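Both of the next two complexes hold chain A, though its partner changes from chain B to chain C.
For the complex of A and B:
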């Protein structure tokens, strides 16, 4: 069942959602669009295809407090100062980012469950937004993602000045039922289907629409691992971490203690396998050169993750790393170099 | 640049053929129409993938820290602005000059894909550079740009088309000057602000920083073997900006550390995924140094001592800050 309303009413829709729950939207600040909490003064940018950092940060913030320790005399008190849970709606998630939540779920919701992540997942209603004008960097199609019909608790489309919404889950039904004063049942679903088809046509014509992923499977793990091409692929890499920080599926983090002077603040922060000190221990750095670190990022996405997760790739084709790497080196180049050209 | 592309390629092939070098450091075409990857070519055959055009903005000098320590001699392609970084690295003994054959190549300004995209260009299929025009073909139609309008900021205040180092030069017949503004123009605007306004400006910009380190890692002056921000023992190591203080500190420390050594190559601002105008911090330092110690261009040669690494009796005193009213 599809519902719809005029796009001019979007501010009313935001206000209505926000009257009940926190609302995250792609919001522009100082020229940068990210998922942020909405308020009346926000500059919402539903037209922005990809936020710079992905929607992942709403569930796995770049840094968050876990626990604090305070010393008083001989006593140490342990204080839980992690974020208090609150219910929220995240609206405007693209199909690629929506898929990234499934990929992260398999990591953070598997035993041992990451309670910080789970609390946010449980509290969230994910409302996706279909893409109208995909970019040349988009290659979600290779991973069976349909950008014209994204997943999520509810999906939304903007076609000809109208917003269409379709609930997909119970949470989605509840979301839509709360908006009944703005939404009406849509009777012109053919129009929407035609719009979806024209986006699919474009997706099929994008330069990376058909990558050959055949080689990337568990059976070839060692073969790919030892491929001599890693050396030249990695030689330009700066080890900066841009690709990992913009990636919706990169999931590594570090847990650190900050000495506040009167105690310790334990927090976690995103980490990057591209960094020279990644997983460094007293024994040293297990991947001493950038070739090994670079290889790790792509082996994880294309081989290790699928090996452990029913052949699902750990990349969703959002193209952020393609757009943002300072030396134009990226997963598409890796796939083409190691996997051969087009099908 | 088509004419000199052929000349450069021929030259590189010749260097391989007569055995003067065993590697060439240049650019290769990447996966999108505008991706150019800094690359080491190890044979004349590999040069098939070599490219030189408006998107070859990456400054190759920093790769020489690693490459000049490998066996044999490497040829490097330097645009005029890159030749300053090259000199500075030679001066700091970070690259081994004897293992390098430096070829200065012409530049008519480099294109800024972000400016092209900001004009609403999506789903690019191909890009044509045609004299003073850039034509972008996309799945949603074509768009034509005046080349000057889509150049990188640094090219609009180019340091000049003369190389300050090189063993040989490959230049075009008609050289194009892309300079249209004074590089301190925007610094003056910042200086004219009240301290509160200026603080607001930088807070707003730096609040966007995702601490990806691209600016630092691309910077030829940021060449410490271990950065203080990566050093667990320093007490300031961090993988994220957890508060506004850290957002500011990372950049202020970095700007101080490259002061007097930054050649204003513009790479930091070019690679910042958030478009933070980092060059303005560096240019403020450059302008201050010019005013306090006399005009100085880092990387103009390989010998002159930098004003901040030299002591002269007439040097500016710290009291200068209060003399200036503390507002600059």
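For the complex of A and C:
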């Protein structure tokens, strides 16, 4: 069942959602569009295809407090400062970022569960937005993602000045039912289907629409690991970690303590396997140069993660790394080179 | 829901200076007794809030019902701090993590050969004392242990007073270089193991510096041991201990969760990044 309303009513829709729950939207601030909490002064940018950083930060924040400690003499007290759970809606998630939630779920919801992540996932209603004008850097199609019909608790489309919404789950049904004063049942579904098809036609013609992923299988792990091409591929890598920070599926994190003066906060931050100290110990460094670190990041996404997760690749083809790498190195080049396309 | 990243508070109830740079810390829960149960070869995350958190092998045997022990070499930021602590100091602890040694499966009924170098004895001590406790479940026990000097042998008193007097136990100690007052064997562990020429039916438990593991394993293979008989335990940088933070990832494995104990033939199937 599809519902619709005029796009002019979007501010009313945001206000209605926000009257009940926190609402996250792609919002522009200081030139950067990110998923942020909406208020009436927000500059919403539903036209933005890729937010600067991905939507994963809503569930795995770039930095968060895990636990706090008070010390007094030789004694320590542990203070559980997990945030109080609050229900929220994240609206405008693209198909690629929506898939990244499934990929992260397999890490953070597998035993033992990450309670911080799970609390946010349980409290979230994910409303996706279909892509109308994919970029040349998009390659989600290679991973079986349909940007013209994204997943999520509810899916949305903007076609000819109208917003179409379709609930996919129970949470999605609840979401739509709360908006009944703005939404009406859509009877012109053919128009929407035609729009989806024209987007799919564009997706099929994009430069990276057909990547050959055949070689990236667990059986070939050591063969790919020892491929001499890693050396030339990684030569230009600066180890800056930009790819990691914009990536919707990178999940590595660091845990650090900070003495605030009135107590100690133990916080978690995103981290990158591209950094030299990621694996460094007092005893040695198993990945001494950028070749090994570079290889680790791509091996994890294309081989290791699929080996542990029913052959699902740890990449969603959002294209952020393609657009943002300062030396124009990216996973597409890695796939093409190791996949045999350029040899 | 249990939150794995929030630690328990434990208290240091005894500190033993084992060697110039190794101390063994006894840890109890605030109520006395152990903070949690573990299996031989499993690890725990210890931390001094404000300084940091790191993974250490639990060196005491699970059969010890009174306390847990950690033998810790002073070699970095957190371990420097730990070495400055006094009895009565509280620390935080969480775990247990990892698979542990297969004491109830692959080791059962087997003649066991333990080979350790330096602080590499720490994880094996847990197994050795477990085997002593359930002596009838295992065959003969040989222990080859070496360190840089006689002063660097960890748990020396326990080795001399207890292990050497245990029925069916043979203990072979060695140090790298001649030293006044030492009339025992001198030489590197891999060579000593070759000299001792053990029966190749034994199951081997091996831990030490990477270079020692490499040469010992090669020597054992020359003598006719198969990698499927040799178990080792690994150490990589870790933050979470639950297979999520990504630091200890090698191939499809996470050392904190799928290891730290691996059979040496299993390591051949992984990228050589440890």
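We take it that the second predicted complex is superposed on the first by the 335 of 343 C-alpha atoms of A that agree within 3 Å, B and C clash if a C-alpha of one lies under 4 Å from a C-alpha of the other, contacts with A are read in each partner's own complex, and residues count from 1 in each chain.
Quick note on the criterion: a contact is a pair of C-beta atoms (placed from the backbone, for glycine too) under 8 Å apart; a residue touches a chain by one contact, two chains touch by 3 or more.
What you are looking at is a predicted structure, and each value in this text was computed from that prediction instead of being measured.
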**OP:** Once the two structures are overlaid on chain A, check if chain B and chain C clash or fit side by side.
**Re:** fit
Original post:
After superposition on the shared chain, which partner residues are touched by A:60: those of chain B (first), chain C (second), both, or neither?
Top reply: neither
Original post:
Between chain B (first) and chain C (second), which, if any, makes contact with A:151: first, second, both or neither?
Top reply: neither
Original post:
A:126 contacts which: chain B (first), chain C (second), both, neither?
Top reply: neither
**OP:** Examine A:329 and indicate which partner it touches, taking first as chain B and second as chain C; both and neither are also allowed.
**Re:** first
**OP:** Using the superposition on chain A described above, determine whether A:13 touches chain B (first), chain C (second), both, or neither.
**Re:** neither
**OP:** Based on the superposed arrangement, let me know which partner A:192 touches: chain B (first), chain C (second), both, or neither?
**Re:** neither
**OP:** Between the centres of chain B and chain C, viewed from chain A's Cα centre, what angle do you get? Round it to the nearest 10 degrees, please.
**Re:** 90
Original post:
Where does A:254 make contact in the superposed view: on chain B (first), on chain C (second), on both, or on neither?
Top reply: both
**OP:** Give one of first, second, both or neither to describe whether A:269 is in contact with chain B, with chain C, with both, or with none.
**Re:** first
Original post:
Regarding the shared-chain residue A:242, is it in contact with chain B (first), chain C (second), both, or neither?
Top reply: first
**OP:** Working from the superposed arrangement, determine the closest approach of chain B to chain C, counting only CA atoms, in whole Å.
**Re:** 8
**OP:** Find the residues of chain A that appear in the contact set with chain B and again in the contact set with chain C.
**Re:** 254, 256, 259, 271
Subject >> Complex interface listing, chain A residues touching chain B >> reply: 29-32, 49, 52-53, 62-63, 133-137, 202, 205-208, 232, 235-236, 238-242, 245-246, 254, 256, 258-259, 267, 269-272, 275-277, 322, 324, 326-330, 332-333, 336
**OP:** Enumerate the contact residues on chain B facing chain A in the complex.
**Re:** 30-33, 35-40, 58, 63, 122-125, 138-140, 204-205, 207-208, 210-214, 216-218, 226, 230, 232, 235, 238-240, 242, 270-271, 273-275
Subject >> Residues of chain C that touch chain A when the two form their complex >> reply: 1-9, 47, 49-53, 75-76, 79, 86, 88-92, 209-210, 235-237, 239-240, 242-247, 249, 251-252, 269, 271, 273-274
**OP:** Within their complex, state which residues of chain A touch chain C.
**Re:** 66-67, 69, 71, 74-78, 80, 82, 107-108, 110, 112-116, 118, 218, 221-222, 225, 251-257, 259, 264, 266, 268, 271, 273, 278-284, 286-287, 292, 296, 299-300, 303-304, 307-308
